[in-house]
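You will see two complexes here that share chain A, one where it goes with chain B and one where it goes with chain C.
Right after this comes the complex of A and B.
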């Protein structure tokens, strides 16, 4: 049941670092986060790592395991052979703070830039009436636990620091899609999606959908429909004509 | 000492549901507000809440109203709740849920397009507003997005280690202290930071990390309980700790992780190793009139609540947890020391995946169990502390001017046992009230509070002490020993000799904590962070053990093997914890607040 595994964990800070090798016990049913905790409790008391719920619900313990963006709490040790070395490194898209902890403030900055949810007025009886089928489209995106694995894997920003200023990343493109499909919201963010949040940079390779631990279809259900609506706005001749007429002075 | 300083009207400690709701309300009432939280924004423990928000909105059952919700809450707490908190909670919860929709929350709907409501233990009607089984995530995200939209300052990954106080401004020599701010450190850099503010709202959550098997995350170290006591506030009901009946038991690494009560609300049943639906053997007299006697009646209830009584699986959590504990002790447990929770044989796979998507996901990923095809193994897990800071029900004020508390860190609302779903509504109702009162206190106050330089220097010295000591013990070992002690000696079933032993061990652990040393440096150092959390965990554990030893009866989340019955005198008594001069805890008796006759009448009405 119990065996000794070889773990390589990146340790260091903004000035540099390297992989350190540990031999550590693994018990039946454990996940990578258990092993990191055991390292911390027995061999490396100051090993920096973020985690909270340990059940795939909070999205804190994101890292790259053997090069793949994963939640450490949902990566079972049984997916590796007993002789296989497990390598754990911090998310590459974000600057390292220390060990497995990265500076994810890029995401919080982008979140703050998105025009806020603005609801229509309530019905006369004080309620908002919506059908289940209508709320489900946005509910899919509200399942997002903000683990930022999609941001980490997205090639637009993974090795292109310069794109971060003009591209919000898949997490926030689906936030825009969520608001666009929200039955109560009245703000139009389509132009902003294209002009400020870089929707056009996404060339729908679907890497983000592949790494999403919540199984959200970011590309198919969020980004592509949003692109279609933006395109309708920008290039549809009737819409174009309408927008010209609308701009004629009223007097 | 290098120190970053800020000035606000209101500092909210904690960014879960209560903290964010308080911050929003304080901001909207004109206060300059800071939120300080130990994790990143949006990761607080509220995110783990699954089932829903209890609110008598009557979207499915027109018979439901605040009086029924109030009655259910008081009975669930075995009448030890502060009646005024339970009343405000039941009255205001529906409005608090509705306003979440104006901030973007998308709840599941009824066929009429209203917010859907689901069944839960102890609630007479289907009452929990929900989003599948990830309601906490929806709540936290909604409040997080609202907080960001309002531009409230958030200090993420920042831990408060001290509340700062000074002599009360108005009465000069009259004595007494008031809040002047808070002191803490950035987790990322280890640098110190102080906030000068006349109002502090504690919204720090619970204490579960003092126990070995818990559904709580590393953050739940009782900071707020402990900080409040140090600042001169009192704690109430600390003997009452809720063990959620259904935590995962296998594999060992996930032991304690929550399995939502919605599984039972949506039709799941509990069975022992003989295949018996044992909850029928554990119906207490207190709930007999409203609980089904046969499996047939229990099964009919899901579709016809008016003409049938509730299944015993939906008794309040304390009853179900004790029953599971007894079955396992009697040798009728599952292979890994739990019992079976079966929804697979009772509902279709489509229904289960639709209603319980995150449970399906959790068991599939963590235990390789398909809950649509086989039963889960579950057992009790430390989940929630009913006890907390003693507050004024109307304004959430603690007994120190300028200090407020809301959510799990506050005490009184849930009495001796909390009903499922009443926590999220508690966060919203009392988070709002705390934020409002904190803003009013700060804006009413004339002149600035000032921080005492000596107090700041002392707080800094105390925080760095673990680095000064060499060759001391590893904080993880001490934490492990505390968790084992509380698990073994102050758990679900308690006896006097065991709790006396626990107190001896806690005293020994205190000495060990005073001699901890940590390796490394101040930058993002979890060993150091734990070393600073441990004194909080110890003082809270001492409160629990002392109050539990004092209460010589069984009630709600406090079961004494040596005093198995509940007692009429104890039914009128709260236990209050205060700090002693030597760093210990004193417990005194205080009469339970008297419920006014117009509310007492509710309990005379037909069940």
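Right after this comes the complex of A and C.
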């Protein structure tokens, strides 16, 4: 079962570029990344593309396929009709380096700014103990492979470059949530989440959750709970009062 | 274990990069394409019909608003012994038809009693995390669908008034829970017959009851509710009962969108049923 597919691939760099059309063979069971590799092997030897594991685990091969942020290695060709043109572009939210490769350093800068995990003192026997039920919520976010598809699709920065300075993006809002929920961590990140990492910019329209290849419930389990924690701290007069008169311990 | 790790007590495990201190100011967009991004002119390259979902939401919410506004101002046909329409409950003025609730005051007769209580269901729905998603996407187009560019030049989200006000959502929830109790009370009263004797049940009783249940599930599945019953804790193991409650609410919370629509529809259907009874268009189906 081999057929010829029409591919439109964006080629160029920061100074300009365009969608170029190719006809390329597709075999049964292949994914978009296979086709990009075949293109490179047969027609476009200098096509720049970033990939590594081909198993949806390294987060390198993020791109936009027919306008949707996807991992190329997890997008089966069988999801397209044989006559359908498949359009592949680089992530549109980040500066392009060349062809399908973008400069995602915005994400690494934000990652480095998150107040680091700071555990409480160890037990007398030198260990840190916690119950599974207490870390379970944080562990969902540990599945993240840092493909940055959520960052790419988030309209706060996708459509408003100027917001990059003030908004850390969904991936790092769930990092803040992960640490804020962590039973061992002692740093409070609620004020920073709202004032410095731009939690309030998120309008919970859930595109991050829609594109996450790990199926992380970024909005329901991370961002909304974090918003609620910030409300406790900053906007709810009752919980504010409770914490003032010492009726409400940290957890 | 690893070099550079602060072993022992308290220390951060990795270093944190410096960042700006204090609150940051929003950016000022000019609607121009961002520098150094791939030059693609199309607003979206999506090939599916991404506009269907926002369109359906607009249609549903506009139809509901028209219907609810009409009924709230109509000030008639909202009561048919022993049933009261949810739009008019609790009915708190002396002008009310029926006597399902203590009459607290005499309002001007041209003000429909629905208007005094409308704010409560409106409050929870308008600030609900799900409905926010729905109307930000479909009415404000921010964004209309994922990876479809929004038309606005600037965007500040929920960082400033009036949208900063969405943070009072939990108070809207508390108010809605009170209304939930009243709707159950209405459903209990619906076990009386026209003369006020207990031991009646008709199709209307079932409808009122189902409506009260759906609205209650909508409230309980709320994200703020999930936070309040347990989400704010960091040590579930020390609060086993709240952990159980949180697990239950979390399960319902996964269905919050469905419950939001189901309860909206049930309010309309319940009201229609009472309207048809009150205008003598149909008769209540009596079970006993």
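Following the convention adopted for this analysis, the second predicted complex is superposed on the first by the 237 of 251 C-alpha atoms of A that agree within 3 Å, B and C clash if a C-alpha of one lies under 4 Å from a C-alpha of the other, contacts with A are read in each partner's own complex, and residues count from 1 in each chain.
We adopt the following convention: contacts are C-beta pairs under 8 Å (C-beta built on N, C-alpha and C of every residue); 3 or more make two chains touch, one makes a residue touch a chain.
As the structure is a prediction and not an experimental result, all values here were calculated from the model.
Novice: With the two complexes superposed on chain A, say which partner A:165 touches: chain B (first), chain C (second), both, or neither.
Specialist: Second partner only.
Novice: For A:67, using the defined touch cut-off, is the partner it touches chain B, chain C, both, or neither? Pick first, second, both or neither.
Specialist: second
Novice: Is A:31 touching the first partner chain B, the second partner chain C, both, or neither of them?
Specialist: A:31 contacts chain B only, not chain C.
Novice: Once the structures are superposed on A, label A:151 by its partner contacts, choosing first (chain B), second (chain C), both or neither.
Specialist: A:151: touches no partner chain.
Novice: Go through the superposed model and pick first if A:45 touches only chain B, second if only chain C, both, or neither.
Specialist: In the superposition, A:45 touches chain B alone.
Novice: Look at the residues of chain A and decide whether chain B or chain C touches more of them.
Specialist: C
Novice: Should A:200 be classified as contacting the first partner (chain B), the second (chain C), both, or neither?
Specialist: In the superposed model, A:200 contacts chain C only, not chain B.
Novice: Based on the superposed arrangement, let me know which partner A:182 touches: chain B (first), chain C (second), both, or neither?
Specialist: Both chain B and chain C are touched by A:182.
Novice: After overlaying the two complexes on chain A, where does the chain B footprint on chain A coincide with the chain C footprint?
Specialist: 112, 116-117, 119, 122, 131, 182
Novice: Spell out the residues on chain B that touch chain A in their complex, using ranges where they run on.
Specialist: 39-45, 47-48, 98, 101-104, 106-109, 112-114, 116, 131-132, 134, 136-138, 141, 145, 148-149, 156, 188, 217-219, 250-254, 257-258, 358, 361-362, 365-367, 474-477, 480, 518-521, 523-528
Novice: For chain A, which residues are in contact with chain B within the complex?
Specialist: Residue list for chain A touching chain B: 13, 27-31, 34, 40-42, 45-60, 74, 76, 97-99, 101, 104, 108, 111-112, 116-117, 119, 122, 126-132, 135, 138-139, 142-146, 179, 182, 184-185.
Novice: Can you tell me which positions in chain C touch chain A when the two form their complex?
Specialist: On the chain C side, the touching residues are 8-29, 34-40, 42, 44-48, 129, 132-133, 136-137, 142-143, 146-150, 152, 154-159, 163-164, 167-170, 223-224, 226-227, 231-237, 243, 253-254.
Novice: Residue numbers of chain A touching chain C in their complex, please.
Specialist: Its residues touching chain C are 10, 12, 14, 16-19, 64, 66-69, 84, 87, 89-90, 92-96, 102-103, 109, 112-122, 131, 133-134, 153, 155-156, 158-166, 180-183, 186-187, 195-196, 198, 200-207, 210-211, 220, 224-225, 227-232, 234-236, 250-251.
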